[in-house]
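Each of the next two complexes has subunit A plus one more chain, namely subunit B in the first and subunit C in the second.
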Partner chain A sequence: MANPVQADRPAATPDRPGRRPRPGFGRRDSIVGWLLIAPALVYFVAFLLYPAVAALYYSFTDWNLRSSPSWVGLANYTDLLFDDVKYPHFWKSVQVSLMYTVVAVPLTLVAALGQALLVNAIRKGSNLFRLLLFLPVVTAEAAVGAIWRWLYDPQYGLINVILGWFGVPPQNWLNNPDLVIPALAFIAAWQCGISMIIYLAGLKGIPLSLREAAIIDGAGPVQRFRKIIMPMLRPTTFYLLVTGVIAALQVFGLVYVIFSAANKSVTGGPEQAGLTYVLHLYLFAFRYDAMGAACAMSFILLVFIMIITALQFKFVKQEAA
Partner chain B sequence: MRNVRLAPIYIALILLAAISVVPFIWMLATSFKHGHDVYTKVPSLLPLDRKTGEWAPTLENYEYVFDLRGLGTAFLNSVWVCLILIPAKLLIDALAAYAFARIPFPGRDKLFVLMLGGMMVPTITLLVPRVFVTQELGLFDSQWGLIVPNIASVLDIFLLRQFFMSLPGELEEAARIDGAGRIQIFWRIIVPLSKPVLSVVTITSFIFHWNDLVWPLVVLNDPEKYTLPLALQQLATAEAGRSYYIMAGAAVAVIPVIAVLLVFQRRILQGIAFSGLKS
Partner chain C sequence: MSRKVAGAAAAIALIAGLTACGGGSDAGDAPTLTFWMYQPRTPQAGQIYEDLRKGFEKANNVKVKYVQIAKDDYNTKLSSAIASGTAPDAGVLDQPLVSRFALDKTTVEVPAGTIDESAFYKGALDTNLSEGKLFGLPLDQTTVGLFYNKKLVPTPPKTWDELKATANQVHQADSKIAGIVVPKGDGYGAWMWPGFVAGAGGALTDDASKKVLFDQQPAVDTLQMWVDLLPSSPRQITDSDNAFANGLAAMMISGPWDVATIKDQFPDLDFNVAPLPYKTEPAGNIGGENGVVFSTSKNTALAWKFLQYITSDANNAKFADAFGGYPTNIKAAEQTAATIEPQQAAFLEQLKVAHARPAVPQWIQVNDEIIAPALEKALSGKATPQEALTEAADKTRSLLGWNS
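Then we have the complex of A and B:
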């Protein structure tokens, strides 16, 4: 990982005798520098720094849009974690998000790696396949949700028809609590194109000499995959795992679209089987008008993500072997 | 011999590509079908008449969603927001990145690290107070509320800075000796040399903001101001069960982005590999 702080300071050009000294260059640089950064800095303060601090403050308050925030200390946190009368679905939403992450992230990585290996193995048409496999990534969540609701339609959807060819009876994918997570994870794997591209770049980075040496030593494709490709791809896999977990724990837009109903109520699917943590958070903030609790939820998530990420850095092998 | 070995790979790839693409074909087919041709026992990937099996496409679903379901207005709203937002964002990000990369001033690197740190905070944590700030600025329920709170991106500043730092410094030194100012150097030297990375940032920004659902969802109330994803979402709930309308709406949202992907595919895919590996 490159250290982003190592800026290349242009070496100061010494003022040689006989040349006109440049007046006050350093000071002018300071002014120009701050001026150029100013718009981005204003954005940063107004829409990143201040909101982060404000969210932390609000998380200790009782706040809705009609009243001004009143300090309640840790009450939001303790109520969310322990008061299952006031927040009956909090732990359910934690469970849904964890389940989704545990199913969707490995599935996405396997799909991405498989696709990358296949695309990497061919010459003719590799650009075309790469492009086709990438299409789902650039598709808007709203459209993805709409398309997949139609694909998963229990009566007329394409999925059930195709499964029917293999003798699988039709399933009510998005209305059966047991099938909601697999159905959502399949959509995530369908959109694995970014990971596929990054894996491809990783594969291209494996020195050809290594593979050739393995072939000369008589290693078969399975052995080459296990002994060379997987270890060499470890940094890529680690990166995709960490970022994938962070993204999966925050999944929201797609479940919002999929489980919106005509009467404008979003409940998170059958028996809350699709009530992800962030969907729950959104409902508290923008439907139930409980901003303080929503901010507390967002900090619980932030701490949780930090812990999970730290654990991965500690316990998952990340260096290429 | 080699062809025989490659055959299973091609077969697997064709299958995977089909999984990738068939949902879009299904979307298009449904969107061109007459309502009474949609709900058939054996689904068809072509707009065929359910009784005669003849080719029977129609544009009436598109006309309906454009005129009566506000997709036309939403399309223009989306275009308008992107036309203002993307160039402004690109300019702000590039100028800041240039200063971070090339202009030494006290406190610069500390500020940069602070901004990078801010990037680690999940957007969802910032959502509620961001809406509050937007409200305080009087931008709630307006398209400026979509533009101003997204007017810069720390990630893009980071990517641009990394690229600017990789450019050779000699040209700038020469220009400086000739008396060019920082801004002149930026426009005459840095920008022309950075076209590839600038276009990557532009395209990915466009895709992101064109598709964005969450921010418009929390900032807009007035359906007249909806952008495409929001209008599509509205359509999908209001017309639930009439998938031919919904699929026409989805196609309107999807096709411009796919067109951009087809035109700029090489840039986009390279950019993803680049930004993914850098971060």
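Then we have the complex of A and C:
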């Protein structure tokens, strides 16, 4: 039989020869089943599938949201990739998002794992610390933006004060093009609460016997971390890596808030250093009247994310060892 | 990503549904006019809109229905409504959008004889132009001026030379204090820049003959002047939040919205506002909103009548004030001038010499994507003003298809 799930089921006696028995559901049950998933299905079709298909269609049109879209074939795609008069910052935005991903994702993973190890190690009050470390995730983005603008302030900012103790001269974090990406990535790492919780669950899932056996064999903490914890957490790390890369490539809200709040300008910070791919897309969709091109950008990103994800599945070790 | 797009499209569908429900008129025979606008900034402003609405309804025996939308979402929702065929009769529109909407025939031209053009500020009226024709009435206007800390700057500079000298003096007297917050090479800075260019007798474009002019001497001199201010006004100081209000910068370029904020949050700061310093002639930039009538409206005559009503001698001062800007109607502005706070007077004065943005549909994109980076290139010292602007002007010509 083709279906491996059905293959190992005990064969029910068929009522009529030649007809495969339906496992589980009768016809009436199937109506009930459809009714039960109907809300989710309607939601999926109306709010996810239809808009996605519509966006794909619009990506082949010139459309300003007001007049009817006109078909332009692949022009949006080719112009985005090759016409630097029409889209002078397209490749810059690709570069910004890639840079951000390369810096922010590892930083987030390291921060999350570090926090998880600490929370896992303490005996008293781990709930409190878990809560405190999780708070940045549930804080409204506008508030996060305001707080970090203040922390990064070139004159009064706490970050500069702390760096000053180590003799580092004050930096103009959000206005120096070279420092924008690290500054943003640091905020992302500070917001690593969800990854921390997932790592914590991973840590709890490592059998104690492994640790005991390692201790008996004379392995120190560093060796235990390298030879037991890291390999055992590999599925967790892989999951966080894949989802983290996808999220980082789509970063938008924070950049928008950080640069629009004080500068009254949404163009992505000094010298476009914070013009992430999705911010660029947003500007074309809602500020420059080019919804068609924006839809094309979203599909380019979709394909890119699919490729990156497939590469990760192929080349990154994901099984626990 | 498709999720985001899906979300946006879903939001559009939702809004379309909502406005479709909201559009139905309930009253019997009196025609209903639907007017879209921003949400009132304050309860008082909301009351002014209500009073104006009632006055118009009573005088004309009609109904006016306001749809008030948060400013940040306004353009998106309006576009969505237009896309779904549920545009209002009339509405408020940010100045640079007027020529865009006119070009794709979303809005209709102002019928001849609707207004007396000489009753309005020229700069504000010009923001309604598309290919030489009016497509809206100016509702309110705003501009930026020179905020100065009276303790550090006893008399405000009038000219560029005085501005540079003042900034120098301040910074030399105390190296922890910057002369002026120099605008940045971003979308906001690029919006303020034309006001200075006009102050050197220049313009960014000549729309009629389709020429890009911002690689010429007045524009280059303007950018050079901004660059020259930087040594006495280091970014390390001026990039601090509220550098002017905290007393870290002696001057800044900003608009009337900051007057209220500073008075409220920094009551100890002794400041005033002067018109922008200029090189050859007083000038300024302009922002604000216009009223337009949509081509799908079945009540166009009534819609223009309502726009006449809120831009009239009697009502424009109230309406513009509620909007947070200044009247566009000259007689109405005289009433405002009589009651205005000293810090507001300079803005109103400067609006007489304000210059509208180029009436080019893609202007916002040119502003953000071409001019802003060019300004930043010069301000960060990566190119001379002439190099940066020559490159930017060439790009603009290619983008707009203007070949001279």
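The criterion applied here is as follows: the second predicted complex is superposed on the first by the 277 of 321 C-alpha atoms of A that agree within 3 Å, B and C clash if a C-alpha of one lies under 4 Å from a C-alpha of the other, contacts with A are read in each partner's own complex, and residues count from 1 in each chain.
As a working rule, a contact is a pair of C-beta atoms (placed from the backbone, for glycine too) under 8 Å apart; a residue touches a chain by one contact, two chains touch by 3 or more.
Worth saying up front: this structure is predicted, and the values here are computed from it rather than measured.
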| item | value |
| --- | --- |
| Residues of subunit A touched, compared between subunit B and subunit C (which is higher) | B |
| First, second, both or neither for A:F129, with subunit B first and subunit C second | first |
| Partner chain in contact with A:K227 - subunit B first, subunit C second, else both or neither | neither |
| Touched partner set for A:R211, first subunit B, second subunit C, both or neither | neither |
| Touching partner for A:P39 - first (subunit B), second (subunit C), both, neither | first |
| A:T267 touches, of subunit B and subunit C: first, second, both or neither? | second |
| Partner chain in contact with A:N64 - subunit B first, subunit C second, else both or neither | second |
| Touched partner set for A:D289, first subunit B, second subunit C, both or neither | second |
| Subunit B versus subunit C as contact partner of A:G145, first or second or both or neither | first |
| First, second, both or neither for A:L48, with subunit B first and subunit C second | both |
| Shared subunit A contacts, counted only where both subunit B and subunit C touch the same residue | 46-48, 50-52, 54-55, 149-150, 153, 155-156, 250, 252, 262, 264, 278, 285-286, 294-295, 298-299, 301-302, 305 |
| Partner subunit A, residues of subunit B touching it in the complex | 6, 9-10, 12-13, 16-17, 19-24, 26-27, 30, 38-40, 42-43, 92-93, 95-96, 98-106, 108-109, 111-113, 115-116, 118-119, 121-130, 132-133, 149, 151-152, 154, 157-158, 161-162, 165, 169, 172-173, 181-183, 207, 210-211, 213-214, 217-218, 228-230, 232-233, 236-238, 240, 243, 246-247, 249-250, 253-254, 257-258, 260-262, 265, 268-269, 272-273, 276-278 |
| Footprint of subunit C on subunit A - complex, ascending | 46-48, 50-52, 54-55, 64-67, 85-86, 88-89, 149-150, 153-156, 170, 172, 174-175, 177, 250, 252, 262-267, 269-272, 278, 283, 285-289, 294-295, 298-299, 301-302, 305 |
| Residue numbers on subunit C that touch subunit A, as the complex places them | 1-10, 13, 75-76, 79-80, 82-83, 100-101, 104-106, 184-189, 235-237, 239-241, 243, 248, 361-362, 364-365, 368-370, 372-373, 376-377, 380, 395, 398-399 |
| Parts of subunit A lying in touch with subunit B, wherever the complex brings them together | 2, 4-5, 7-10, 13, 26, 29-30, 32-34, 36-37, 39-41, 43-44, 46-52, 54-55, 58, 114-115, 118-119, 121-122, 125, 127, 129-136, 138-143, 145-151, 153, 155-156, 158, 161, 190, 194, 197-198, 200-202, 239, 246, 250, 252-253, 256-257, 260-262, 264, 278, 281-282, 285-286, 291, 294-295, 298-299, 301-302, 305 |
